[in-house]
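Which chain is which? They are A, B, C and D, in the order written, and residues in each are numbered from 1.
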Amino acid sequence: MAGNSFGTLFRCTSWGESHGPAIGVVVDGVPPRLPLSEADIQPWLDRRRPGQSRFTTQRREADLVRILSGTFEGRTTGTPIQLLIENTDQREKDYRNIADRFRPGHADYTYWRKYGIRDYRGGGRASARETAARVAAGAIARKILGPDIVIRGALVAVGPHAIDRAAWDWRQVEDNPFWCPDAAAAKLWAAYLDEVRKAGSSTGAVVEIIASGVPPGLGEPVYDKLDGDLARALMTINAVKGVEIGAGFAAARLCGEENADEMRIRDGQVRFLSNNAGGILGGISTGQDIVVRFAVKPTSSIPTPLRTVDALGNEVEISTHGRHDPCVGIRAVPVGEAMIACVLADHLLRHRALGG
Amino acid sequence: MAGNSFGTLFRCTSWGESHGPAIGVVVDGVPPRLPLSEADIQPWLDRRRPGQSRFTTQRREADLVRILSGTFEGRTTGTPIQLLIENTDQREKDYRNIADRFRPGHADYTYWRKYGIRDYRGGGRASARETAARVAAGAIARKILGPDIVIRGALVAVGPHAIDRAAWDWRQVEDNPFWCPDAAAAKLWAAYLDEVRKAGSSTGAVVEIIASGVPPGLGEPVYDKLDGDLARALMTINAVKGVEIGAGFAAARLCGEENADEMRIRDGQVRFLSNNAGGILGGISTGQDIVVRFAVKPTSSIPTPLRTVDALGNEVEISTHGRHDPCVGIRAVPVGEAMIACVLADHLLRHRALGG
Amino acid sequence: MAGNSFGTLFRCTSWGESHGPAIGVVVDGVPPRLPLSEADIQPWLDRRRPGQSRFTTQRREADLVRILSGTFEGRTTGTPIQLLIENTDQREKDYRNIADRFRPGHADYTYWRKYGIRDYRGGGRASARETAARVAAGAIARKILGPDIVIRGALVAVGPHAIDRAAWDWRQVEDNPFWCPDAAAAKLWAAYLDEVRKAGSSTGAVVEIIASGVPPGLGEPVYDKLDGDLARALMTINAVKGVEIGAGFAAARLCGEENADEMRIRDGQVRFLSNNAGGILGGISTGQDIVVRFAVKPTSSIPTPLRTVDALGNEVEISTHGRHDPCVGIRAVPVGEAMIACVLADHLLRHRALGG
Amino acid sequence: MAGNSFGTLFRCTSWGESHGPAIGVVVDGVPPRLPLSEADIQPWLDRRRPGQSRFTTQRREADLVRILSGTFEGRTTGTPIQLLIENTDQREKDYRNIADRFRPGHADYTYWRKYGIRDYRGGGRASARETAARVAAGAIARKILGPDIVIRGALVAVGPHAIDRAAWDWRQVEDNPFWCPDAAAAKLWAAYLDEVRKAGSSTGAVVEIIASGVPPGLGEPVYDKLDGDLARALMTINAVKGVEIGAGFAAARLCGEENADEMRIRDGQVRFLSNNAGGILGGISTGQDIVVRFAVKPTSSIPTPLRTVDALGNEVEISTHGRHDPCVGIRAVPVGEAMIACVLADHLLRHRALGG
């Protein structure tokens, strides 16, 4: 119970269901005197907003954020900041048919088993709509981190099609509907996703987030290690099934001398010669880029009929038509960035308490 | 700061350095009247204990656990349980040479950057020795979970050599020094690891843990999801670089109808036809087996010389001789099991608070 | 930082300033399937609402509560409940004169020292308006506690005038504007408060809360003792300067045999012959009535001029005219009740996790 | 459950029973590089140690503390510090007679109701012996606070006999067995306590703690207010029944202009003309002395026979002979100081995280 908060000093508490009147998040622990208005938050929400291309859900939400507390004359005051986003495009009747049926791959069955009641409209609390709250909180986290810490995400694989890492170009990321850093891959994905959609199916994806400019020293061993907190933060995003840091699972196939990031002195500074660690050693940031990847499963709501059961114990079939992302991994990119920002902001404050 | 505890209701606080007088853990929140003595904990520690084969470190520690509080006449009382394990085989002088040098892949550099001081002896707090505390706590967690919840781990890959999953046999796991469920793979690994060791190197590995008998309903959306807490728990284990649930990263390559675990009624019960979800949907257990895997990087301490720097800013080389695991992934198996047990015990108690 | 939440399993996170657009509270950890609508909460807010007699502030707030999340078809779902109350009677210009001046007895000076910025309008976050959030949360807590646990408060002293405890009559409490259980005292207080107000002054008060029907066993030694959590909860209410349990400070003047609550068997049940303990022993509820009292200081905003300083370091005088309670202790009664309800609900859930 | 920790960044987790092998505390979140050895902690334990005068229990405990972790070469490392104190003077057989009987005023009955099992020897976990862990932790807290923050306690009333505050002399406090700042009162108390003891009784007391040099700005509104955390910390000490800040309960009898602490500028600094607030406004320290008082009930273990019941439902009598404090309030002085130190250290670190 009481599982809707995360962070220790920078602490977010979110609330709201997909088809209730609104969703939102209380962001507590924000240092005072930071300039903050809706204009600082809205652009990040706009990046996540659905309906921006044919590859994401056609639900139309303006996702306009309002600050209800915690600022005064355009600056934070140190008191909790309530961010509220109204739900405007609810189509309750779309969901009558799933009131008693458990969609495979969704949380329908488990919410019903856990709570004995569930708001079935659009997935209720389990809807990816909740991630708007994360993105809004992430915008505040970025204000705490300041301009020197840059957090950027990209989609690095869609279904079986991975990018060519040699072709990585950050400028591409904003130029295609996939946050794809490889122009050739983006073209391939467009064709692939059209095909997937026509087939009444969906596909998974892999997201990579890189945080640059993070100072060494963030992370609190041994259970609040930075990588532990990042893994949790990302794994709680809807549809995420795996998280890795640096070389990640590939590290398991390496030998010791390949994996070790050797160090030299360059211009009087310690420099690592590689970054298999993904910027974290012993749960503490090294000062290198923090590199994390996470796997997003294919959208569970698909037109293809699936076998399932209902709450009365009947065997039924279900197929989902209407507004759904063929690849939820796409919109997971800004969400992942936001979660990284929140975790880093929390650890920055925690580290500051050390006087360091 | 204050990062040495985990869990909400079942809460573990560990302490101790590799070469201090002792290590231990306070386990708080244990329900009363459970039978508990050292004999319930010691066998689990013995499984993790170093020096049991030529494939693990030759450090000799009896790892005898003492219960200093929280039990009375052989039963828990509901008060905190202090478990203490003395360090007996400390060889402080082995570490003089690393007092000022940062071993690549270790936490030496980051502890120094974070704290400005570090206990360099055997890695201090960052030593894998700390995992003995986790295993001890896990033994108590198992008592809470009861005999119907069975948590078993296995090594499923060593370096480039994965098991044949078709050959999986749990009985094999206790019969070879690798917790390997595939007899043929175990033989191959023995040869491979001998070769690795002779080469002055080390190798990574992948561990898989399966928890059976977990009731549906465990997990607290949306930030204390069961998979989120599992990911964090595993990612905080030394050398772990990736965690995945169920199909994990492979799910990113699947299409929707492949990934969805369809449901039917069998003998009046809901049955899933597959388990790509790894027993968790929407952050809540489904009642299926919970399946998690984690990647362990190769041991960073190797005889092969590596380039590094020292605290004075000099470029130096370092090579580690002596007592080290060529594949730390092996001993991570019981540690991973213990962490899963702790997370499940915590969520079992949290769920019970719902009256469910 | 991040100090705007309380409770472990039943967890409240409040937000909002006196003169912002709204205030509210996220109540997380509420068990599912409890009937809940605005009609369950509004009556408790109405009891606290200002402007109901000439003895409280004349600020006019409807204090209408809206549930924005966490319920479905009139029942709780186990997800976080956002309660929102709009601020409607803001008079910003009333506060221009205190923008730079520190009202003695208020949080003006300390917020300025802590945060370097403050929302001076009506005290901002430090306003007693925040207690509406507590009362709203308390209404939900009462639903968890159920009808057998009854929490009632009364004013037992106003300035130097205490009630005659022999005259205690709960029916009186709802019949006078002071929540006074002693009809004679209520008359005296009315006259006294008229006098105080005419004198441009204010007065303190003592509130007593009694919780009946609390089962034995609630409270988590040794740092989350029930009395410890109650003391904290009450001490965080605006203007509270002291908290006591049972005999409280009077216990310090007793000898051992007077203070000890002896026990006998009555009708096969354990019965205590007195209740100096106030229903709590060793931090755990005994099953007797839980009795707590707290002292509320006189309202700091008074017409009588007081010496103070401003943010520029000038010595100035300040006097407060307008809408203020001559005795804030009166409206503290429903607030105190609500805080007790919240603490008990949290401990009820925590105890339930024990399987007890 | 899991109620044996307190603090957010400076976090203490205590464990141990009165008659187990040892008691102790893990102190987590201590900043690195502070000089710390047993010699910094032992003097504070010696002040609390029993058996130092005829007015405290004659149990003989050396209370020697050992640091088992968290320091290296005489300095803290930022890792958790385990402090262990062995129990040496256990007399288990003294307690056989209370194995099934509930001593009035003790936690015997409530532990039995809550847990269904209890370690009856010397009160088990509910013993005042647990306060040694608090005092040990407090010694580390003082190192964090540094020499400019001075925390001193005194006994200000024993039974009906209060000190003459005009006669307050801190030098007296170390010169009598009562921590009494008024030499005349100390003499009176000695005679009174001899009388109480001869009568087979015990008496309550009031303790006052003053923290000087605390900077303005500590405390996290609105639920982690400094006074709220202080109240909780003190209320969790054994036998405490009331806590007040500054004028405390007396504030309820004051009028507004008496209670308000007016401000002037003196030597360019803000100066308060009184301190009814006890150094805290709006839950944040003002920079004035922090003044708290707490009431300690009379020792419940007395030779005079008391009526009670046993676990089988029989009515019995109980009288306690042997080693008990006639006035536990005396030894509560160093305990109260320690708890204040711990709360202030935690809030100092929390405030530092703000960058303030």
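Assume a contact is a pair of C-beta atoms (placed from the backbone, for glycine too) under 8 Å apart; a residue touches a chain by one contact, two chains touch by 3 or more.
As the structure is a computational prediction, the values presented were derived from the model and not from experiment.
Two chain pairs, B-C and A-C, are compared here, and A-C has more C-beta pairs in contact (counted per touch definition above).
Each chain's centre was taken as the mean of its CA atoms, and the one lying most distant from chain B is C. Put simply, the C-alpha centre of chain A and that of chain B have 26 angstrom between them.
Computed from the mean C-alpha positions, the centre of chain A lies at a distance of 39 Å from the centre of chain C.
Taking each chain's centre as the average of its CA atoms, chain B and chain C sit 46 Å apart.
The multi-chain contact residues of chain B, meaning those touching 2 or more other chains, are 1-5, 8-9, 14, 31-32, 78-79, 111, 114-116, 125, 221, 349-350, 353-354. By the touch rule above, chain B contacts chain A in their complex via residues 1-6, 12, 14, 102, 104-107, 109-111, 113-116, 125-126, 130, 157, 159-160, 196, 199, 201-206, 216-217, 219-225, 227-236, 241-265, 268, 270, 273, 276-278, 280-287, 295-300, 302, 304, 306-309, 313-315, 329, 350-351, 353-354, 356. Residues 1-5, 7-11, 13-17, 20-24, 26, 28-33, 66, 68-70, 72, 75-82, 111, 114-119, 124-125, 349 of chain B touch chain D in their complex. The touching residues of chain B, when paired with chain C in their complex, are 8-9, 31-32, 78-79, 221, 349-350, 352-355.
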